[in-house]
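Heads up, there are several structures right after this.
The following pair of complexes shares a single chain, chain A, combined with chain B in the former and chain C in the latter.
And now, the complex of A and B:
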């Protein structure tokens, strides 16, 4: 009799891996709690409307089914939108900051043959009610502490601005399909394709195309902000000033050397505003996690407040931890 | 702006409850690991075929959707079937016992206005490769240790036999809709309805109807096995002998006083064979968990072995723990 197969992108976790992932989860939830971020849980299933209200139609959850009364339910594809919904419902009257943590699975569509997972274990925090740059700096410091706690002291936090490219393209008059393609290239980290896409923008002159390409590839220390400003224009000026403010706030926390400014950074969920981050470790090829500010999201649930958060992918954290341990033994 | 509602049967878990549920989870997973039961995880989503193969069409998962290639996927409605599938795939060559633990959500349809949860947190163990009565006794001892660890030292384990009523009804020639209705009453613990249903079985004489009704209501210490045997017939004789064997095996472990024989016990998932258990605590109205032997299930996945397990409902454990603490303070 044939063994029962598993759907593409799903997997069993056996005892050794599970024990190590539980240890990471427990360590991080303790660290988060020490810093005032208490764990909450939201349902795995919610109304599809809730996800669309938070993240827009493009960010909405994709595994859908009907409930007993014909309403469309969906598996969550993200933790931030449900927690924003929770805060708007349960902490509407709270005037001070709300600090929450979570650990759970989210579900995403996979493309065949890419080795992507449908079910991703995410662990992270949300800081509601504290604006930029102080709230952003608090989160980045916690993110670095979390990476250090897991043994990823070589991991780097890329810091960008979610509004930079949308505003720059608006400033340059790039709209419609061309705008969409440029933003998609950035969200997919496809900096090679950007050059071709920018070249196809017939509405632009050579200097404007160069600005797009050069900006997408600008990353490094605080000095890249000066190089960005030299490219000119109000969108770049605004983002550079905001990023410089975040870096100043970070300097006090002593983690500025773990942050790399990345002006080409863009994340694909439809709620980020201002500062965004993505985490890389030299031992693994893909981002281990990310996050950013979402100052407009709570307002979509009727309780406007500045907010930001980050999530780490538990499986990739675990892979990176093992790889760093191996690399450390080899050094 | 209206707050975003949650679907019936789903809920947010706030920090205090989450912390207490995590403490219970962590305590039980540690206890299970000490006894050799190591945690594994299976996907939240699997092929619907896998659930149907394990539990039969009636036990199959009910939240279904199509994947990218048109296959029917489903949210798991049970942890035992996926773990049986995992063991058949990953431990096919293991000749000795396999001891596994898990903690995760399962998903069930709800009936309106009943306050039922769609998403249930289950924590439990499976013991594969050890038959009755030794394997059953090992599990019941671990179950009692788990209840004690959580502070539920008044909780009682009901012990019945999954084959007793199906075999008795076959012996009496009760088939089709009448059989189904009797078994449904038992699975729903509706002992009042059983009397009416048995009365409607025109094919039976008065003595046979009385046997059904009396047997469904027989519970207590080992002495009820003698009262059952007095009702006569091979089904009752076989089940009584098997239950006596389990009780003997339990006597050595010192937990026999926590076990109450319950001949009317029946569980509604389609894979139980022989001994079945259900856990009750005087502080809460509903069963906190249950389990039993499923000696035929591994064979459905191509790797036949005796097996048994139990699951506790984490939310109800938490409610019972709080209620017992309150009751303890009042004593």
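And now, the complex of A and C:
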């Protein structure tokens, strides 16, 4: 008899992997708890409206269905929006910081034959009620501690600014479809297309075009902030000052050398404001996690306050840990 | 990707994936001009990995270059824009238009004929054979014409001649292959040329080395 297949992008986890992933999860949840981040859980399904309210139409969850009363429900495609909803509802009167941790599955669309997963295990934290740069620095320090705890002591945190390009384009008078196209090219890091798109925009001069291209490829140590400032303009000045503030706040915690400034960094979720991060390990060819500030998100649920968080992909952490162990044996 | 895509040697020489195909000669010329010794690559060797001075070369099928670079098995790669457009969900960084290997993605049909119009009018859609189904779908979506896209792996020009399809979407260089099969370009879809692409993590973690190599190759591009 033929065996029963699984849907594309889903998989069974067998005992060895499950044990190792559970070990990483326990390690991180206890680290988070030590730092004051208490674990919570939100439902796997929520009203679709909740995701749309948090992340906008482009952040809409992929897997939607109707319940018995005709309401549209969705499998969560993100952990941050549900936690923002939870905090706005359950911690409405709390004036101090709220520190929460979670570990759970999210569901994303996949393309067949690409090895992508439909169900991803995410583990992370949210720090609500603490603004930049102090809150951002606290999170990055915790992120580096989490990577070290798992044995990824070569992993690096890329630090960028989600508002930089939207503000720069506004400053240069690029609006509407042209703005959308340039932001899309940036999200794909298609420098050839950015040059072509910028060339098509009559409102841009030669210097402004090369500023957009140069800025999107500018990354490295703190010195790149000076190179960015040399490109000029209030949007770049604001982002450079904000990034320098975050780096200063990090210097005290001793993790600044694990952070790379990346002015071309963009995240694909619609709620980020200000500092954004992505995590890379030299043994793995793709980002293993990310996050950032989302200072406007709580307001969308009626309880405005600054907030930020990060999530790590548990499967990729596990792959990176195994790779680092193998690399360590070879060294 | 969630495959166990481990980088070959995250601390050794950068790895560049080159396409064994129409762009290969242009890539070798570029490497020569950048000061690399390409003698081994030019020999009839069946080897797939070559160690140059400070650069590891892996040679793969053109359409596989984005796969290697996305996973981090190669840090950099050269492939045609046609391949990148067809695989537009690959998370790689497109850094430089190298300028060689220029050609056009085009819709073509039998010369002097009205096959496409007739098929649309009488049957409601055109049958289009192509090696680039996603590029073709996106094009027909954009221009608002209905087409049934038939994926074939090679000899696309044959399809309209024997009646498998009413037209084709394919890369056109000089147009000679089309002419020899009695076909002509009906519409140009996009221009293509060789592009230098980078793995996202290598681009961040080895920024200085990647930038230096990108500059060196950019200046050497024909």
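The rule is simple: the second predicted complex is superposed on the first by the 315 of 331 C-alpha atoms of A that agree within 3 Å, B and C clash if a C-alpha of one lies under 4 Å from a C-alpha of the other, contacts with A are read in each partner's own complex, and residues count from 1 in each chain.
As a working rule, contacts are C-beta pairs under 8 Å (C-beta built on N, C-alpha and C of every residue); 3 or more make two chains touch, one makes a residue touch a chain.
Remember, predicted model here, so these are calculated numbers, not experimental data.
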Output check: A:189 vs chain B and chain C. Expected answer is one of first, second, both, neither. What do you get? second
Quick one: is A:323 in contact with chain B, with chain C, with both, or with neither? Answer first, second, both or neither. second
Classify the contacts of A:153 with the two partner chains as first (chain B alone), second (chain C alone), both, or neither. neither
After superposing on the shared chain, does chain C or chain B touch more chain A residues? B
Taking the superposition on A as described, I'd like to know which of chain B and chain C A:286 touches: first, second, both or neither. second
May I ask you to decide whether A:226 touches chain B, chain C, both, or neither, giving the answer as first, second, both or neither? neither
Quick check on my understanding: which residues of chain A belong to both its chain B contact set and its chain C contact set? 111
Of all residues in chain B, which touch chain A in the complex? 1-8, 10-15, 18-19, 22, 26, 29, 38-47, 49-50, 53, 63-65, 67-69, 71, 73, 75, 85-86, 88-90, 92, 100, 105, 107, 109-110, 112, 118-119, 301-302
Chain C-touching residues of chain A, taken from the complex the two chains share: 111, 114-117, 156, 158, 188-193, 217, 219-220, 260, 262, 278, 280-287, 315-316, 319, 323, 327
Going by the contact rule set out above, which residues of chain C touch chain A in the complex? 1-7, 10-11, 70-73, 81, 89, 91, 93-97, 195, 199-205, 207-208, 211
